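Chain IDs A, B and C follow the sequence of writing; residue 1 opens each chain.
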Amino acid sequence: MRPDTVVPSAVPAVEPITPPPATPPHDETVPHTHPEPGVDPHPPLARAGRALRVGIGGPVGSGKTALVAALCRAFADELRLGVVTNDIYTTEDADFLRRAGVLDPARIRAVETGCCPHTAIRDDIGANLDAVDELAEAVGPLDLVLVESGGDNLTATFSRGLVDRQIFVVDVAGGDKVPRKGGPGVTAADLLVINKTDLAPMVGADLAVMDRDARARRGDLPTLFLSIVGDPTATSVADWIRHELAHHAALHPLDVPVGPA
Amino acid sequence: MRALARLVARADGRGGTALVELHGETPLLLRQTPTDGGVATVHLVGGAAGPLAGDDLRLEIEVGPGAAVRVHSVAASIALPGRTGAVSRMAVRAVVHTGATLHWLPEQLVAAAGCAHLAESRIELAADATLWWRDELICGRYGEAPGGAVVHTQVDYAGRPLLRQSLAVGPHAPGWAGPAVLGGAPATGSLLVVDPSQPAEPPTVEGSVARLPLAGGPATLWTATAPDAHTLRTHLTP
Amino acid sequence: MATPSLLLLLADGRFPAGAHAHSGGLEAAVAAGRVTDLASLEAFLAGRLATAGLVGAAFAAAAHRAAVAETVGSAHPARSARPSDPPAGSAGRSAALARLDAELDARTAAPALRAVSRRQGRALLRAGRTIWPDARFADLPQKPGGAHQPLVLGLLCAAAGLSRVETATIAAYGTLTGAASAGVRLLGLDPYQVQALLVGLADACDGTAADAARAADDPPERLPAAAAPLADIHAEIHATWEVRLFAS
């Protein structure tokens, strides 16, 4: 993972996890529980027989690692989480995540891809599946495993043999024409995240154009706009994952009881 | 030339080691040399140049329970060409019994131009035996490309395979001097240390020397390549 | 009788057994400045074929032999069983494979290379269990890191109906193509030139496979043990790197 893509000011230091902003970006296309005063907005999720595996792909620099870090913060006290990264991963990166209180390095596995990042997540997935197995062996049962792809191009997608759901991350700085270009990531990912919306005015990207093109390309599949600077726990994406987790738990019922997270 | 030499050591019951058999044939001669502690020290003395292709030399070593033997040689052996089409062979067979120690620390084997040599060692260790076993190979005399040489080492520990390695150099060993095998280094060797009293240490590499804990027993293999015999020796000194 | 297509399928670098992520020691050799161009890549491949290639192919062939042991009598009516033939049946196969596992460990001095071989074995087993569910994988020794790759390959090839020499060929060929392909990616070498280099090594590869297949008739302690000091040294250096592009 390359946390250097995270805007440093958006990362809490060693203090406890920062709560989401009082008025998180709201998107009615995402089913979620509305927060009410005095009520935990996230009732305990049903546990599943095996972890939900969510792939996070997208071009180099689009913010995959920053999104992974944000989701780790969002789920820190809620889910038993593991991360498999296909990106170039240094001990400095691990130290960064530990210092930032984001994730214990024992919950992160790096996979070498032999300069073929798309092969490792699509055509020849054994090393990633091994990494998922090793995580569970090392830290016990997990609820959610995020599989981050190495930075690639718009044609990269995850195999259904590796992940249950996949998120494709593009950013406004890559140009507002990206959704129109399509490619399997943009058209078929279960969730398209258009990241770094805070940069839109600076790079002259038209979010309305991106929204329109994404809808045209993706039909009913959801698209979320995100700025991790303004929302360090990626609330909307985290909510989408909670929703998918509930479905997953229904599909993969728990047959062996597991202890608390 | 054919020769069979035999060395049998037994604990003498007073904390020392007695050589109950010490027998050599030219060119494979054995000499007991002054001993320190309870260890019997023996030097291999080459009684002729070589080995030359066609020579067949055998050495049998048995170290009885509780005995301790150290074997050196007085000079490097230089494998030389001999009869056309023939191979020179030096076979060492060692059995180290329970509680016994064998240190095999001879001088280098030099594979001269045109040689065809096979150095073959088979060692059987009891479960609590201790072994130091050093093989050093110099590929050619100074500025010379070597003939064919194979150094084969086979070690069993407590009836299980511990180490099997055959290093081949020379014209019939494809790629031997290349970047997958020796990378142009003219000297290479290994030191096997089997010591049940020593905890295994993790692998390390310093320069062109690696410390490799083996899978089949309480053993570490030091393996090295070097620009010359002297440097190699500094890498492989226990 | 196996079709040639199955031989091609199992030798194909696109067979999903993780080959794309392994450079066979080339990444470390490149970093050490020992492989820089086509000529040094060719020397690397020749040395690797004669050492790791021969050993891997011989163990794949020996595992294949263990897997088909029960059919020796019927498949070769012309000869009776030899004393060195592995015992038939599951227990015999398990014992033979456990022995091969220990013998291959003894030929792999570097812990990093033992781990890589088992990791690749696990990847191949994952593919094999799905594709040939009836193969004798249950007879593989249960080791923490998985079974060595050549052992899994031998069982897989036997399940696919391939011959022993075909099995050895796939193993030897894999040691060449994985590293060659890594050379294209790491050094930006001309892929046509690298393929030409592989063509030049084809006879050596076939010869290595034939030697390996013959050697599989020998008792396990006599199987080839060709060593390469730099392979051990490179592998242990590579294992300490903070950032690796390849898993080996």
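The rule is short, and it goes like this: a contact is a pair of C-beta atoms (placed from the backbone, for glycine too) under 8 Å apart; a residue touches a chain by one contact, two chains touch by 3 or more.
Only a predicted model underlies this, so the values are computations on that prediction, with no experimental measurement involved.
Chemist: Moving only between chains that touch, what is the shortest number of steps from chain A to chain B?
Modeler: Each step joins two touching chains, and the minimum needed here is 2.
Chemist: Looking across all chain pairs, point out the one with the most C-beta pairs in contact.
Modeler: Ranked by C-beta contact count, first place goes to B-C.
Chemist: Relative to chain A, which chain has the most distant C-alpha mean position?
Modeler: B
Chemist: Taking the mean of the CA coordinates per chain, how far is chain A from chain B in Å?
Modeler: Distance between chain centres, rounded to whole Å: 57 Å.
Chemist: Whole-Å distance, chain A centre to chain C centre, using C-alpha means?
Modeler: Each chain's C-alpha centroid was found; their separation is 37 Å.
Chemist: Taking the mean of the C-alpha atoms as each chain's centre, how many Å separate chain B from chain C?
Modeler: For chain B versus chain C, the centre distance works out to 29 Å.
Chemist: So in the complex, which bits of chain B are touching chain C?
Modeler: It is residues 152, 154-155, 160-168, 173-183, 188, 190, 203-205, 208-210, 212-216, 221, 223-225 of chain B that touch chain C.
Chemist: In the complex of these two chains, what residues of chain C are touching chain A?
Modeler: Contact set of chain C toward chain A: 14, 16-23, 119, 122-123, 126-127, 182, 185-186, 242-247.
Chemist: In the complex of these two chains, what residues of chain A are touching chain C?
Modeler: 88-92, 111-116, 119-120, 123-127, 129-130
Chemist: Residue numbers of chain C touching chain B in their complex, please.
Modeler: 25, 29, 32, 34-35, 40, 43-51, 102-103, 105-112, 114, 204, 220-221, 224-233, 236-237, 239-240
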